Amino acid sequence: MDRLTSTIDQLSAIAPYRHLFHCHSDGEPMPSAPKLREMIELCRSIIFPGYYGEVATHSSFLRYHIGVSVEQVCRIATDQIQAGLCFLEDETHECDNLSAEEREKTAVEKAEQFVQSLPRLREILATDVEATYNGDPAAKHVGEIISCYPTIRAVFNQRIAHVLLNLGVPLIPRIITELAHSETGIDIHPGAQIGHHFSIDHGTGVVIGETCIIGNNVKLYQGVTLGAKSFPLDADGNPIKGIPRHPIIEDDVIVYSNSTILGRITIGRGSTIGGNLWVTHSVPPGTTLVQRLSEPLASQSD
Amino acid sequence: MDRLTSTIDQLSAIAPYRHLFHCHSDGEPMPSAPKLREMIELCRSIIFPGYYGEVATHSSFLRYHIGVSVEQVCRIATDQIQAGLCFLEDETHECDNLSAEEREKTAVEKAEQFVQSLPRLREILATDVEATYNGDPAAKHVGEIISCYPTIRAVFNQRIAHVLLNLGVPLIPRIITELAHSETGIDIHPGAQIGHHFSIDHGTGVVIGETCIIGNNVKLYQGVTLGAKSFPLDADGNPIKGIPRHPIIEDDVIVYSNSTILGRITIGRGSTIGGNLWVTHSVPPGTTLVQRLSEPLASQSD
Amino acid sequence: MDRLTSTIDQLSAIAPYRHLFHCHSDGEPMPSAPKLREMIELCRSIIFPGYYGEVATHSSFLRYHIGVSVEQVCRIATDQIQAGLCFLEDETHECDNLSAEEREKTAVEKAEQFVQSLPRLREILATDVEATYNGDPAAKHVGEIISCYPTIRAVFNQRIAHVLLNLGVPLIPRIITELAHSETGIDIHPGAQIGHHFSIDHGTGVVIGETCIIGNNVKLYQGVTLGAKSFPLDADGNPIKGIPRHPIIEDDVIVYSNSTILGRITIGRGSTIGGNLWVTHSVPPGTTLVQRLSEPLASQSD
Amino acid sequence: MDRLTSTIDQLSAIAPYRHLFHCHSDGEPMPSAPKLREMIELCRSIIFPGYYGEVATHSSFLRYHIGVSVEQVCRIATDQIQAGLCFLEDETHECDNLSAEEREKTAVEKAEQFVQSLPRLREILATDVEATYNGDPAAKHVGEIISCYPTIRAVFNQRIAHVLLNLGVPLIPRIITELAHSETGIDIHPGAQIGHHFSIDHGTGVVIGETCIIGNNVKLYQGVTLGAKSFPLDADGNPIKGIPRHPIIEDDVIVYSNSTILGRITIGRGSTIGGNLWVTHSVPPGTTLVQRLSEPLASQSD
Amino acid sequence: MDRLTSTIDQLSAIAPYRHLFHCHSDGEPMPSAPKLREMIELCRSIIFPGYYGEVATHSSFLRYHIGVSVEQVCRIATDQIQAGLCFLEDETHECDNLSAEEREKTAVEKAEQFVQSLPRLREILATDVEATYNGDPAAKHVGEIISCYPTIRAVFNQRIAHVLLNLGVPLIPRIITELAHSETGIDIHPGAQIGHHFSIDHGTGVVIGETCIIGNNVKLYQGVTLGAKSFPLDADGNPIKGIPRHPIIEDDVIVYSNSTILGRITIGRGSTIGGNLWVTHSVPPGTTLVQRLSEPLASQSD
Amino acid sequence: MDRLTSTIDQLSAIAPYRHLFHCHSDGEPMPSAPKLREMIELCRSIIFPGYYGEVATHSSFLRYHIGVSVEQVCRIATDQIQAGLCFLEDETHECDNLSAEEREKTAVEKAEQFVQSLPRLREILATDVEATYNGDPAAKHVGEIISCYPTIRAVFNQRIAHVLLNLGVPLIPRIITELAHSETGIDIHPGAQIGHHFSIDHGTGVVIGETCIIGNNVKLYQGVTLGAKSFPLDADGNPIKGIPRHPIIEDDVIVYSNSTILGRITIGRGSTIGGNLWVTHSVPPGTTLVQRLSEPLASQSD
């Protein structure tokens, strides 16, 4: 094993990577995906008690469980937000934009605001459950939706991440949506604005970009991309960040499987976009786009 | 933290969500995805010993390991089926369709029947392993298939879920297939009927619907959807459940990547469906559908 | 439970499956996916300290953490390689191609060589991080790329697996890439050769085949397949293994979402392949392939 | 390993030990020391919050923690009492004295009664803490007593066990006191009756027998035995169970280290028993027993 | 934290302690108390199923549990014996007395012999349980003895350690008896020879020396020492090891609490030794030693 | 379970116990015995590598393990000292004697000083190991002493606790010695001053008081008490704290089993105190105290 000493020396040399890696205050913790996963699990047990977390709680004890979970969420959120605040964008990419005290105070405030948003999140997630149940003939019971439909997990994380993003918390929201991406194959950016009664069927491969705006009562199928068509570069040839570049999907729209909708276009209210389509222009309300029948396919029967 | 008290009160108010959430007998446990994952792991270690579970068992001790695992599977299955039986469909969505005693007795019976199906499952899964190995030039060893091919995990869970579904167990089968969906990106409904020597290459994004019937020796590639084209609504505008609405894929069919086959159509025996196709009509046996060459593509070389 | 005894007997009868299952030396451990996952986590904490593993290490202690992690990686790698060496291809599929001593000695050597490759892996992974950051307008910070972009996890595992494959280690590399496939929905075969500054956006559904050769500075989007078009069968009707059958992607190529590139064709340097395309012929350098506009789509507005 | 098969067969033959071992209903769980240890830990966190269990609870969340812990205690107590009820003494030593339903109903009732005794236990344990603090010049802070004095742990378990014993629960109380015996070296039988303001200094080696009666404000030192002098045998030569045979220690008594007090004698109120004594007769109130000075000890100085 | 670097350097300098610490072959594992504790727990679950280990096993599955546990015991024992063999006494205190191959072969043999002794151990432990139950009026049920009497745990470990000692295994037996010492306060050297029907009441503080010989049907109480009176020194002033120096206790002897019996003396068959005595001479069979009544104790009543 | 609500209310009422329980700043963590146990385990692995902690470290990696362990010890020590500082004695028993910042700064300093004492602790512990080995004819190997002799564990914890006590850390030292007390039955107060080459044989029941002063090369046997004879009370009848009240044991003294030495007396250099004695007066150097032979004991042979 002695031969590995020089390997360890090379790996311990961090200087050449300073420009790439984060310049964290020494000893300050970095954000932790496992802790955020734990926080998400706790939030799920608060919003959907019985389906997540403790499976056999008697209703007369529910309040106590929720109280304990809320405290734990608040503690993890505070720690993680504090860790995340080092990643505030600035010129230097140094973590000295805020003093330790400011970061702690800010983290406590934002964590509390986050927790206070949970009742509202429960309200809107209930509409997502309802929409998913009503839209799927294979669903036998609303409990099936909550227990195992990936759409609920993905949208759950995104709605939480969206609240944190709006509170000005860096990095953490993206980690949260990527946790759901890994779990479900559904990749929704925290920045996307999504109305109530939202559902995604099956879901694997769905991509929803940062500046998407999605109305109420929208339903997507697996493999749908709501993406950017292109993005302008700055003088250095790097993409300019923050420009609206993803679609607006108005209320009551359905997009079938594997269709791709690109660019800052608008899919008008009540439209239906068929499967496997490539859409780069706006369509007016009430449009139905269907795939042109590739009738005389080169098929052959023997 | 005192400010969070009213948040906890709001979150503890369960009444407004009664219509959505499950009305479980107080204190009765709900089904548990982590326990079901544990059960699946045990079943995998029974069916594929050495590849899953204890990695270094001497063959003269194999019988003891299987005995202990069978007992554990039986115990978890009993508990989970009992918890799941509360979700039997009925008018009221109340968990009073069966007495506690009836549920326990039923659960014990169904769990035993499930365990008794394991030898048969091993037999058919061996054909899936064989088909996957024979169909993939990248596979160096049959152990590679069992160890890491997602198709085996997804089909494993689906075949188990299908047995449980046929035993009349609610909810549990769906949780089991969603565990595999999360693990592999392959979403097969427990209701799908699948023949022997079935394989899926790569697999991410595959969707196989509830009423699909798949023959023997069928092979799918990644991104294939066997879905419903549309579904009739009832008087209230909700989808009518349980109607056959997914394709029938006969023996010896191959479907290449990202093709979508929709509706209660039949893909005749021995047919080959090329990639990226959108198929909504039946094709006779022996058909080869290929993508029309989009010859003069708007390409440009500089 | 007595009724289950005969089930246990049937399940303990391993003889009928001998031809399928691996004939491991009794008591010798099989490769273990959980141990390999642990090894990958350790490698991630070595390459990207703070982002993975211990979140709050003071830089003056970094060297110690790396030393301990390197020892652990070396130990796990030795055990797993030793277990994997039983799967060396041979006629008999028996694990007697090497004596226990030879296997142990070989495993120690290969594990050390693997560990010694980590500094070089860090170097090339830094280019992947850089390319991903520069290519995504939604990325706010390079730390976001390392923390949560699936491309980094998938490419990380593939680059490690590729080193092990080149060291002649069987089976283990495939388990490692499938761990990433499960985590990210990105399926890259260990055999693929990939240049520096490689990135995949979103990534779910990407498939990169065994004999692909990918140049520097290549970018893929979600759902892209770099696959085989067909493969020749041997006299027994089984696919012949090891023949080059996947695309060559030259430097500076971009492939947009859900396009499929099949066969041993070459996508020339600097080309751009639009989304949703099906490409089975080589294109010269500098080509831009775009989807023919399906102008008069059967759309209808009401 | 094949040679071990006959060993396993021998060990699986349970028949020859039937008369010794418990004849439990098949599949019914036995009492579990680890679960009871968990229950004790929960009770400690309820009675002494912060010192045991969650170390950083904000007081505004205390109620929720206690609620959750009470539910958990109630659940474990119910299960363990139910398991213990099989050990009710009867002629046959068979576990058929109660039906499963009776046992479950009884267990629920007794568990609730046990939980309802916790506030009273807290009250009396507070007097024990106070007495210990006041009696030890080495104690700097009352928190030191609660955190680490073995007397508190031993008396805690005994008081809980005593409640359960009085509720007619078999076996469980003894397991609970033996947990404390193992932890502290203090062995107090659940049957002993102990007044308030009780303390034991150091404690290792203390033994307090089943039928002891101890008044208020009693203090013992390490190595003190309050035991039986002898016990009458029945016709078969076995000890007759349940006869009062241990000392009565009245209020305000101190017993110094390593003294042994045997038999159903009374140590009168306010007495002081010196160290290393062997006492087998009652002493009147206010007695001070001291060790006779063994003046001309065979000592020698060189 | 930088100031700690020199502390780490000092602590990493192992040379000055070479003469004291063990000169283990680099990378060879040392014996592990936690693994031995696990092995003991497994043995307890084999000998006393239900009371230890899995609490709810159905009797028709018992054989499988025992088979699995036996394999695990065998594996841990092999590893630990192999690690322990480095501690064979020799001149140099170097671990080169046996080659790695010899150690492995020896370890496998001894582990199997150890496992094969388990049925005989069960037989004799059953007599200990019986004796303990018959001798204690506070015991309500034989299950109480097995579940929680410290004597059973201490004697269990000693009997196992004694078997291993007789197999010539170094170090491991002492670790095993010290595990019980820590658990129960009863310190029995692995070398002590102990007959059947042995019991210790309460037990804290009991010490039984290396060369003790204890007959059948012997009962000890807490605090009893069976020790050495003195031991001859060698030319260097160090005690000569291995000389018989502890008492012989013949059949049917009782020793009451806190008595000390020292030296190679014999307590004749059927004798009773009262409490708190200091015995350094042999006594003939049938002797009853009682404490001289210290009648006119310096007591005073007020 | 509804009946338990009022129990929870009673248990949540903390006001009546305020005078007894600690008035901790809300949300500030209390000291944690499990974390301190972890710290002790780490220190043991640093001082005695291989015997504790990682069992199979290659010597060329030792430095890295020690570095990582030192960092962990430093972190836990900082947190625990910070928590403990709330227990500084003052009039009010309120935790406001130090500001949070002062406590943090103080904790960091003291933790570093503690860690810097580890090399010196290793030096003196090596003498304890040596003395124990030389003094016990049953010890076969020095590794046996380190692995399993309780004296090493008890003295280890006490020497660590003593350092922390001298650094002015409240409460934590007592928790640390009580951890060893529970583990070994040896109760040594952190305040005791103990020279080098100290050993305790067997050890159960040993008590060493707060103000003891023990010279070099002292050996004790099981059950020895070095205690206080009495202690003066203050005007309120409470013991006055901090007065020297325990024995001074000079160099080269042996005290045999179960003897009790009480009060601020001096046992002169080189003395031998026999077993079972009760000593309350000083003895000059070189004294041998032996138990007077209770010759004509009331013994009877039949």
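The letters A, B, C, D, E and F name the chains in turn, as written, and every chain counts its residues from 1.
Note that in this section a contact is a pair of C-beta atoms (placed from the backbone, for glycine too) under 8 Å apart; a residue touches a chain by one contact, two chains touch by 3 or more.
These figures come from a predicted structure and were not determined experimentally.
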Minimum number of chain-to-chain touching steps separating chain E from chain F: 1
Chain D onto chain F, rotation angle from CA fit, given as a multiple of 5 degrees: 120
Selected pair, greater C-beta contact count between B-E and A-B: A-B
Whole-Å separation of chain centres (CA-atom averages), chain B against chain C: 25
Chain centre separation (chain A, chain F; CA means) in Å: 53
For chain B, residues that touch 2 or more chains besides their own: 1, 8, 27, 56-58, 60-61, 63-64, 66-67, 70-71, 185, 204-205, 223, 258, 276, 291
Interface residues, chain B side, partner chain A - complex: 1, 3-4, 7-8, 10-12, 14, 17, 20-22, 24, 26-33, 83, 87, 89, 93, 170-171, 174-175, 178, 181-182, 185, 187, 189, 191, 204-205, 207, 209-210, 223, 225, 227-228, 231, 238-243, 245, 258, 260, 262, 276-278, 283-293
Residues of chain E defined as touching chain D within the complex: 46-51, 55-60, 62-63, 66-67, 70-71, 74, 112, 115-116, 118-119, 122, 126, 129-130, 134-144, 146-150, 183-185, 202, 204-205, 222-223, 257-258, 275-276, 291, 294, 297-302
List of chain B residues in touch with chain E within their complex: 56-58, 61, 63-68, 70-71, 75
